[in-house]
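Which chain is which? They are A, B, C, D and E, in the order written, and residues in each are numbered from 1.
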Amino acid sequence: MRNTWPVLVVLGAIAALWYLAVAPMNIRGALDQAERAGAVVAPETPKARQEVSVWRLMIDNPDHIAAGYSLDRPRLPTPVQVGEELWKSTVGMALRGRAMSKRSLIYHGWVTLQATLWGFLLGTAVGILGAVAIVHWRVMDMSLMPWAIISQTVPIVALAPMIIVVSAQIGIEGRAIPKAIISAYLCYFPVLVGMVKGLRAPTVSQIDLLKTYNASALQGFLKLRVPASLPYLFTSLKVGIAAALVGTIVGELPTGAISGLGARILIGDQFGTPLAIWAALVAAAILAGVLVTLLDLLQKITLKRMGFRQ
Amino acid sequence: DPVKLQLKWVTQAQFAGYYVAADKGFYEEEGLDVTILPGGPDIAPEQVIAGGGADVIVDWMPAALAARERGLALVNIAQPFKRSGMMLTCWKDTGISKPEDLANHTLGVWFFGNEYPFLSWMSQLGISTDGKSENGVEVLKQGFNVDPLLQRQADCISTMTYNEYWQVIDAGVSPDDLITFKYEDYGVATLEDGLYVLEENLEDPAFVDKMVRFVRASMKGWKWAEENPDEAAMIVLDNDQTGAQTEKHQKRMMGEIAKLTSGSDGTLDPADYERTVRILLAGGSDPVITKEPQGAWTHAITDKALK
Amino acid sequence: MNALVFALVFWLGAWALNAALARSRWHATRPVRIFVPVLFGVTLLVLWEGIVRGLDVSPVILPAPSRVAQTFVVSTDTLWLDFRQTVLKGALSGYLIGCIAAFLTAIAIDRSSFLTRGLLPIGNFVAALPIVGIAPILVSWFGFDWHSKAAVVVVMVFFPMLVNTVQGLRETDPMQRDLMRTYAAGYLQTLVKLRLPAAMPFVFNGLKIATTLALIGAIVAEYFGSPIYGMGFRISTGVGSLSIDLVWAEIAVAALAGTVFYGLVAWAERLVTFWHPSQRG
Amino acid sequence: MTETNPVISARNLDLVFQTNDGPVQALKDVALDIEKGDFVSFIGPSGCGKTTFLRVIAALEHPTGGTVTVNGMTPDEARRQRAYGYVFQAAGLFPWRTIARNIKLPLEIMGFSRAEQDERVERVLKLVDLDGFGEKYPWQLSGGMQQRASIARALAFDADILLMDEPFGALDEIVRDHLNEQLLALWERTGKTICFVTHSIPEAVYLSTKIVVMSPRPGRITDVIESPLPKERPLDIRDTPEFLEIAHRVREGLRAGHAYDD
Amino acid sequence: MTETNPVISARNLDLVFQTNDGPVQALKDVALDIEKGDFVSFIGPSGCGKTTFLRVIAALEHPTGGTVTVNGMTPDEARRQRAYGYVFQAAGLFPWRTIARNIKLPLEIMGFSRAEQDERVERVLKLVDLDGFGEKYPWQLSGGMQQRASIARALAFDADILLMDEPFGALDEIVRDHLNEQLLALWERTGKTICFVTHSIPEAVYLSTKIVVMSPRPGRITDVIESPLPKERPLDIRDTPEFLEIAHRVREGLRAGHAYDD
């Protein structure tokens, strides 16, 4: 916990910078608003203001800087505005007993979480099976590994609509499964790479040791490779779940527009409500933080019980 | 009977008729079990119907005809929207007062099938879209909001009378600062939200019968919505899964939509169709469609449904 | 159906050949190491072609690779224009700016253990976030052209790169640092002669992660507004106008570009960290 | 040492590794007989093939020429009959298993019953002076204790032959002395045949009944020294003239074989 | 050995590490004088503070009590004057530099001219028998050669004091013997003062003019043995009674300090 203090200080610095940045980012909006309300600003027309730098505008119109901190549609909202919006759409909704209403970020977070978890399960399963195959069969290693890397260079966003259409054709209803597939597509790779490393972690002498016991391949796998790979597995699971969340949100951006945090971001963009975007972003960040922390905890407990030194 | 309807866009009053029909039990009365699938920025209804994900789709005619030319035989079976709601909204202070003034400006345009009317309009005006010049405009693929206009990244943006235009107004802009060009007024309007199905399905009498009932119920929904715009807007709001739509906005949208649907009983007016085709064929160097489409519409359904 | 049967037979044959090659004593030679994955890729394409033809899949849903190839050849002009816009301007410039900025930041904060301890957990956290979500915000800040795409890429690659570099800079073993102290070496000397070289494997790890992020970022950002060219633009509008073959051609370009990009970084890594056990293999 | 049937017998043993830089002859024309109950030390410069020879006996490497028999069988058959325990240089305990479960590992694999496993673990832990440490994890033990645990693991399934490859290489001299004493006592008590690789001349002389001196590239046996020292060996024996004489002979043998090019 | 002004002088040296488990007293009340040209070996059980003592001399650790002077200065001043070369247990060569450039490293840092650098590299490579290997990378050399390269690196800038922390710990006995001989020759030729940590009794006795025996926890000096052996020492000297007697005394000293608890 010796990091607590530095982290707090850095966070404080980030918040301060954020606050400072709000002024120049929002000055144009604030001046437009003031002008419409009848105030005199310099220069007078929006078109003329286009030609002037924000710093100039701030110097010429010091009275209107403050207004930039309370715009309805700010280019950059203040942390407090974001916090309020987040509060309103989560706890605020929950307090009114509408936690699962469609206007609540808790509901959308839940939708995203579900798809993420399914994608994570699927991706982890594929990653682990792939790793086992790669470690056990050289053909797999030689043919699969390069393609695993190439697969990650394919822009998954482009495939998203097609995945939906194809899965609809196969008879899969709804968006949950296509989203999970996209999420799994991003998630499997770190798991695969980590597990290949992990399953290959046993040293030659450990493998030889089992040979002197005349152990079967299965025994070698269960008693040596699997336990030796666990620390690697957990590390890559943490990367994997973060990737799964990215996948879900990417999957929700172009294909969703229905529910989920990605859809909220999209809709927020569509209706020009930046606060909604920011709130959804923060909610996604919190979700990612919680998921990774949970896995981290699981890792600590498991490895401790297994006797790995901390 | 189950029917899956793929919308062109997200749940909003633009599709009020269908939601009303579902909510008020009009579909049920016809013995239909209708699932309404909202669309989104990257959902191509044509692709969905090609993949068997929907029985009937809401689409704009330019996109449908383009798909038809690409080998996906879509047929218009009903046209609830009589008029086009598309327009170009510009800042007055940019000096634009008539379409010819657009040259040498930056314009935001929607793509994804919605660009066709724009392109043919420009080619009619003789304005190229390759970039800013004496005789050309710079085209941006506009996102889904009106920020490009508000932040003056574009001088004009595409808006719908029922949606984006009001977002601009809601942002505090006075209508006096704006100048709008309705496609309808310049004779370049193409048919918007119509109902389309796959041609091959129309050979199946059972499917035709299903569509007849569907169109009948849907039009009933539309007419109800026209008469009760506020309630219709609330129904739409209840069906919005994103939870992002606001009551005020939807009510106003419903009012505007009603203007577009009024005057249509669902039957496609062949004259409108001819005009759309003509506009599209005139798409300049890169026309949307290259030849007169055949069999792209039918009155078979509406004739039965509206009798 | 014939096409499908042929594809399946081809698949079995190719797999058997690959298996035999992998078991043979030439498996470690260079040609075999290249041939096996290539044959595997070809098999995938043949299988795809076979399925599309055999099952008569509509081209607006999934075009056959042969058709995609045709489109690719026909529309090289468009593809090149888009490639320049998205990869060269958007992704590459963002990648360079982001990675260099992260690298310099890492060196700057590394001098203060306080800052490092404060920034590292935050950097780790941010690196795990779905940063693509900020694309709409950055597009509205930086406009429609490639600048906003580059900005998205900068933000996406910054944190993974930062975290890796900071980690790398801490990676020298205490003995090596003590050695430099016995020489009474200054900060800069220690940095240049010990810590930077020692950090290189980590730096390249960050650079490699960043390559795939850069492409995704640039393409996703184009979904939220772009000029009327660019790979993301073409892909999103291509789906709308049912030119799915063009979409796949763009995907192929993206995969190709990504692979080459990754390959270049991996190649540079081999050159720079030739001394690292993982490279000596 | 009254048997005449050697437990391990190598004849004209050759082993060539195919490497990227061409073939490496690790063993050349090696011939050796090891009797039941022998304590044989292998000593020789780095890379001379000591480890390789042990691995051939354990069927972890296959000779490219000549023959080896273990108890009259091929090494592979002997391996399948679990004829030996192998102790590696590093203790090589699995960090995720307690000491007791580490020792159980071979027993589980060989299918001993639960009760038998517990009983044997108990017994060998006592044998190596580790009773009470069964529930500890390897990293909670010192290096010397870990090394003893790994010996216990090799003893647990009662193999007749113990192959030990520099088991005490990583330990400091005092601890090493202590383990040497214990290993000698254990050898006396159990009468096992032990093959022991070391780099330390005093260690080899102190422990062995037979010292095999090897020369590098290609690995060859240059000298086999039968030790005249009694079975009973206090540590002080290392200061006696007999001891020093053998040590001297070993050193000379080593020096002769050491083409100085390291 | 005629000087009276000690090169290194420690008085009442205390060093306590603050660790998570409470304070660890690594050195307690250590007093030692080292004269110019001495070859001092430090021997003692693991963890007794040998490394710590060397690090204190090199100003890599700061004592919590008492004083040390190096050439009459504080260790820190001596460090800034580049008074010593430090050779670590592992060779610690930078893998991204060739052997020659590794040896150049301190010269670059200390600002020697290009020509001077080349000349010195040439010279020390010869000194440690590595001429011709300058352009190789560390991993292309055997362990013994790497260790010699690291000694060359410490010699390159002509420090008067050489601090060596178990430099040959990882090598086999023959290579070690060889390096010992070379080190002795080098010491004689250059007249440097050398502090040498080892775990091997024969090594300590063979090399040193002075053997410092330490006891663990808290690290204390239990015995300082002045060696009566002549400067000229063939390897055979290790079989002489004088040698054995000193070795015996060292072993007794070690044994006494070794609380047997491993």
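In the analysis below, a residue touches a chain if its C-beta (ideal position, glycine included) is under 8 Å from a C-beta of that chain, and two chains touch if they have at least 3 such contacts.
In UniProt terms the chains read A, C = NitT/TauT family transport system permease protein; D, E = NitT/TauT family transport system ATP-binding protein.
Here the structure is a predicted model, which is why all the values come from computation and not from measurement.
A.B. asks: Mind listing the chains that sit against chain A and also against chain B?
C.D. replies: C
A.B. asks: Determine the set of chains touching chain D that also touch chain E.
C.D. replies: Per touch definition, common to chain D and chain E: zero chains.
A.B. asks: Where the centre means the average of the CA atoms, what chain is farthest from chain D?
C.D. replies: Taking each chain's C-alpha mean as its centre, the farthest from chain D is B.
A.B. asks: When all chain pairs are ranked by how many C-beta pairs they have in contact, which pair ranks first?
C.D. replies: Pair with the most C-beta pairs in contact: A-C.
A.B. asks: Could you grab the centroid distance between chain B and chain D? Build each centroid from C-alpha atoms only and quote it in angstrom.
C.D. replies: So the centre of chain B lies 84 Å away from the centre of chain D.
A.B. asks: Please report how many Å separate the Cα centroid of chain B from that of chain C, as a whole number.
C.D. replies: Computed value for the inter-centroid distance: 38 Å.
A.B. asks: I'd like the Å distance between the centres of chain C and chain E, where a centre is the mean of that chain's Cα atoms.
C.D. replies: 49
A.B. asks: Quick one: chain A and chain C, Cα centre-to-centre, how many Å?
C.D. replies: Roughly 18 Å separates the two chain centres.
A.B. asks: Which residues belonging to chain D are in contact with no fewer than two other chains?
C.D. replies: If we look for residues of chain D contacting two or more partner chains, we find none.
A.B. asks: Among all residues of chain A, which ones touch two or more of the remaining chains?
C.D. replies: 75, 161-162, 165-166, 169, 254, 266, 268-269
A.B. asks: Give the residues of chain C touching no fewer than two other chains, as numbers and ranges.
C.D. replies: Touching at least two other chains: 61, 136, 140, 223-224, 236, 239, 244.
A.B. asks: If we use the touch criterion from the header, which chain pairs count as touching?
C.D. replies: Every pair of chains meeting the touch criterion: A-B, A-C, A-D, B-C, C-E, D-E.
A.B. asks: In the complex formed with chain D, which residues of chain A make contact?
C.D. replies: Residues of chain A touching chain D: 203, 205-206, 208-215, 219, 223-224, 227-228, 230, 306-309.
A.B. asks: Using the touch definition from the top, list the residues of chain C that touch chain B in their complex.
C.D. replies: Going through chain C, the ones touching chain B are 58-61, 136, 139-140, 143-144, 222-228, 233, 236-237, 239-244.
A.B. asks: Could you list, by residue number, the parts of chain C that touch chain A in their complex?
C.D. replies: Listed in rising order, the residues of chain C that touch chain A are 15, 18-19, 21-23, 27, 32-33, 36-37, 39-41, 44, 61-62, 114-122, 125, 127-134, 136-137, 140-141, 211-212, 215-216, 219-220, 223-224, 231-232, 235-236, 239, 244, 247, 250-251, 254-255, 257-259, 261-262.
A.B. asks: Once bound in the complex, which stretches of chain D touch chain A?
C.D. replies: Interface residues on the chain D side: 55, 58-60, 79-80, 82, 84-86, 88-90, 92, 94-98, 105-106, 108-110, 137, 139, 157.
A.B. asks: Which part of chain B faces chain A closely enough to touch in the complex?
C.D. replies: It comes out as residues 10, 38-44, 47-48, 50-53, 91, 93-94, 143-147, 150-152, 167, 171-174, 240-245, 249.
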